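Which chain is which? They are A, B and C, in the order written, and residues in each are numbered from 1.
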Amino acid sequence: MRTRTEQFLPFALLLPSIGFLSLLIVIPMVQALLLAVMAEGGGFTLENFQRMVADVNFSDAWRNTLLLLILIVPLQIVLALAMALLINSRFRGHGLFLYIYAIPLAISDLAAGILWLAVFTERGYLNSTLQSAGVIDQPILFLSFDNLAGILTAIVIAEAWRATAIVLVILIAGLQLIPRDYFEAADLFGANRLRRTVHVVLPLLRPSLQSALIIRTIFAFQTFAVVFALAGRNMPVLAGEAYTWYATNRNEHVAAAYAVLLLGLTIVATVVYLRVLGLREAEVQR
Amino acid sequence: MNARVLDRSLLYGSAIFLAIWVLVPFYLIAISAFTPQAKIFDYPKPLVPTSFSTETMQFFLEARGVLPSVLNSLLVAAFTIVFGLALGTPAGYALARFRFRGREAFQVIVLATKMFPIAILSIPLAVTFLQLGLYDNLVSVALVHTAMALPFIVLVTSGVFVAVSHELEEAAQTLGCSRWGAFLRVALPLALPGLAAAAIFTFVISWNEVFAATILTLRTRTLPAQVLASLSTSPLAFKFAGGLFMVLPAIAFIFLIRKYLMNLWGSR
Amino acid sequence: MAGITIDGVSKVFGKTPALKDISLDVRDGEFMVLLGPSGCGKTTLLRCVAGLEQVNGGRIRIGDRDVTDLAPRDRNIAMVFQSYAVFPHMTVGSNIGFGLRMKRRPKPEIERRVREGAELLGLVPFLDRYPAQLSGGQRQRVAVARALVMDAPVLLMDEPLSNLDALLRLQARADLKRLHKEVKRTTIYVTHDQVEAMSMGDRIAVMREGSIEQLGAPMEIYDNPATQFVGGFIGSPPMNFLRGAVRDSSFAGDGFAVPMSRSRADLQGREMVLGVRAEHITIAGDGIPARVMVIEPLGSHALVTVLIGKTPVKVQAPIDVAVQPDQAINLRFDEATLRWMDAGTGSAIPR
C-alpha cells in the first residue's frame, strides 16, 4: 500500500544513522561503565577508580586539564569574538580574512602542537628571534619538565591558535542571524560603536557564545595530542592518562575509568552551563 | 588624519595582525620542513631561510612506516566518507523533505552527537574489536571516524537538500519517474556539490583524528597515529616534516569547501 | 481523452482537515478552474489528483481507471508547477523531452515532439539554453511545453501564472487559453485570481475551507453566487452586501429601504442580506439616500464608494460622474439583478 510506505519513508531513512550511532555510542558507553567497575578476573569492584585516583599522575593530570581549560577557553572566545566582529563589519576583502582565520579549522591538535613546537623548542624560532634581537643571551627552555609556566603557555597558545577558528565560525553564523541594521557603518572603534557592540550585539549573540563555550569546554577535556607534541610526558592530562593506561600500561579497566570520568565531566559541564547561562530552549534550537 | 581614516587603519591593522598570527606558524613549519638536515639545529635560526632542501621531507617520507601510514590514512578517510555519506545522506534528506513525528528529537540527537567526545569511546570499542577480531583494522578506525563525522554530514546534507526545491522532484515524478528515480535524476545531481563538500569535510575529520586511531591500531597506523606514537623517539626534523605533511591536504580541502564552512559548525 | 471523477475525497494533515468529502466531475476536454483563497484546499485537491498527496478517503478516477492508489507516473497526467520546477541542470530541450525519455520513446520521436512543443510555445531559439539564462515568462513556457509533449489526457496546473508580473500574466493567460483550444486536454487549473478563473474556465469550482462552495460556469457564478462568500470573492469590485429584513413591500435596514415591486409573502420579516453588483447601481435624482466617500476614476469608468447607513457600497459610475466627496446622493438598484441571501447561513435564497 502506497500510503503506508510514504508514512514510514522518513523513519526508514533515519534508521541507518540512528542504528549506527546507538551501536557506536550507546553500547560503548555502557561498556565503558562496565569495564570501569569490573575487576580483571570479573566481578564488580571500585578498584579501578581507586587505582586511577591513587596514581602519581592523577592529581597533576586533573590540575593541568582544568588549568588548560580555564586558560584556553576564555582566550579562544575573546580572540574569536574580535575576529568575528572585524569580519562582520564587512570591510573590503573581509572574505579573504575570514578564509585565513578559518584555516586552522582544518588542522589537527597534533599538527598544531608540532607547528608550535617549531616556535617553542630550545633552538626554535622564538629563542632565535629573541637572541637575534639581543633580548636573551642563551635559549630559554620553554618546554622543560621543570618549567610548568613555559609548557602551559606554549600549549595555551597552540590550542588558542588552532581552535579559535571553530569558535569564530560559530560566532559568524550567529552574527549572520542578527539584522544588518545593528551594524551600520564600519566604525568599529567609535565609542558609540563599542557601546552598541556591548549592549546590543553581545546579548543577541548569546546563544552562539553559549554553544561555543559548551563545545570548546567539552573538547578542552579531551586536550591530548597537542600536549604530547609539545611536552611529551612532562605534562600529564586526563585524556593523555587514559591513552597511557591503555597503550602503555595495558590496563583497559583503569583507562575505562578515565573515559567514564571524562564522560562525566562532559555531562556535568554541559548541565552546569545550561543552568548557569539559562536559555535551555535556545540551546536545543541551535 | 581624520577619524574615518584612523578608523580604517585600525580596522585593517587589527585584521592584518590577526591574519599574521594565524599564518606565521604555517610559514615557520614550512621553512623548518624545508631546511637541510644539517641546519635544523642551527641557532639562532634566521626567519628568512638561507637554504632550501627537500632532504628533510624525503627523510620523513622514507622513514619506516610513514608511507604505509599515509596510505592507511587515505583508506580510513575513504571508508569514512563512504560509510558516512551512505548513512548520513538519507537522514539529511529526510530532515529536509519530511515533517514527521520525532523530527525535533532526531535533530537534538544529531546536535548532542556533534558535541559528544566520541574518541573517548575508543577504549571500550578497542576491547570489543579485540574480541571480534577487528582490532588493528582500518575499518574499525573508520567506524569511529564515521560516528564523529555523521552529525556534520547529516547537517550539511539536509541543508543541501533544502536548497533543492522539492517541486523539482515532484515534477520528475509526474513526468514518469518513480520517487527513487526522481531523487536520482533530479535531486542528486543538483545536490552533488554540497555532498562533495560534506565528503571533503569528512576527509578532514578523519585525516586529523588522533586519539581513536592510536587506541584502535597497533601496526596498521594512520599518519597521525604513526607520528604520535613516534613522538618521543623521533628527531625534530621528522616531527616538522610530519607536521607539514599533515597540514597541507587539510588546508587545500578547507579551501575547496570554504563556501560551506558556516553550515558545518555554525547554524543547525 | 478522459474525464476526471473525484468521489468523496477527504484529506487530513495531522489533525487539520484539508479536504472535506469533495466530489467533482471534470468532463472530457473541459477547462476546470479551482478557485479560492489561500488555504482553501485547492492545491491539495490538485495534488491528490496528481498523486503527490495520498487521499485519506474517497476515490479518484481518470477516464474509467481508478487511480487512487497509483503513483503519479502511472496516472497518465502532466502537471505545471507554481515554481515551474524546470530542472536547472538540463537545457530547455532536455527539460521538454524529460518525460518522453522517462517513457523510453525512440529518439527520433522525442526530437520531433520536443521540436513541436517548442514551436507551440515559441521556445525554438532557446532549446540549447539552460533555465538560468531564461526569463520568468520563458521558464513558465518551458514548464507548459514539458507538460504538453507528454500527450497525457489530463493536464494539471498549479497557479502557473502567479509568479509572472502583471503585464506578462495577461499575455500568458491568453496564450494558455489558445493552447487549450488547440490541444483540448482535460485541464484542472488552480488559481486564487478570480479574473483568471473567469476568463479561462469552462467551469469554476469555488472552494472554501476544504469544500466546494459553488460549481458552475463563470457567468453563472458571477450572476448567481450560491453564497455570500462566493459573491464577495468573485468580481472586481466584489458584490455589495446590505443587511436588513423585508417589511411589507420593501427591504429595510440601517438607514435604507429598497422598494420591492414583487411582494414575497414567504420572506416577510426574515433577516437577509441583499447582494448587488456595482454595475447594477445607478446614481439618480431620487431613491436610496447615500453619502459619497471616495471617487476612483479608472479610465473606462469611475468607482464611487458611498455609505448607505453605515455600510460602504461600491458603485460603478460613468467616468464623468459629477459627485464630490461628502456629497449626499441617491441611488437606484436594478431590481432584476438583486440577489438575496440568508443572514445567518449566507446561502442564496431562491428567487
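Just so it is clear, a contact is a pair of C-beta atoms (placed from the backbone, for glycine too) under 8 Å apart; a residue touches a chain by one contact, two chains touch by 3 or more.
If you're wondering where the values come from, they're calculated on a predicted model, not measured in any experiment.
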- Message: What's the farthest chain from chain B if centres are computed as the mean of the Cα atoms?
- Response: C
- Query: What chain lies closest to the overall centre, CA atoms only?
  - Reply: B
- Message: I'd like the Å distance between the centres of chain A and chain B, where a centre is the mean of that chain's Cα atoms.
- Response: 16
- Note on the structure: Here the gap between chain A and chain C, centre to centre from mean Cα coordinates and rounded to Å, is 60
- Rounded to the nearest whole Å, what is the centre-to-centre distance of chain B and chain C, using the mean of the C-alpha atoms as each centre? 55
- Task: Find every residue in chain A that makes contact with two or more other chains and list them.
- Result: none
- At least two other chains touched by the same residue of chain C: list those residues. 71
- Provide the residue numbers of chain A that touch chain B in the complex, in ascending order. 9-14, 16-18, 20-21, 24-25, 27-29, 31-32, 34-35, 79, 82-83, 86, 89, 91, 94, 97, 99-112, 114-119, 121, 123-125, 127-129, 131-132, 139, 161, 166, 169-170, 172-174, 176-177, 186-190, 214-215, 218-219, 221-222, 224-225, 228-229, 232-233, 239, 242-243, 246-247, 252, 255-256, 258-259, 262-263, 266, 270, 284-286
- Note on the structure: The answer for chain C against chain B in the complex is residues 50-52, 71-73, 77-79, 81-83, 85, 87-89, 98-99, 102-103, 143, 146-147, 150, 156
- Residue ranges of chain B in contact with chain C within the complex: 165, 167-168, 170-179, 181, 186, 189-190
- Query: Where on chain B does chain A make contact in their complex?
  - Reply: 3-4, 6-8, 10-12, 14-15, 18-19, 21-23, 25-26, 28-29, 32, 41-47, 86-88, 90-91, 93-94, 97-98, 100, 102-103, 106, 108-109, 111, 113, 115-121, 123-128, 143-144, 146-147, 150, 154, 204, 207-211, 214-215, 224, 227-228, 231-232, 236, 239-240, 242-243, 246-247, 250-251, 253-255, 258, 261-262, 264-268
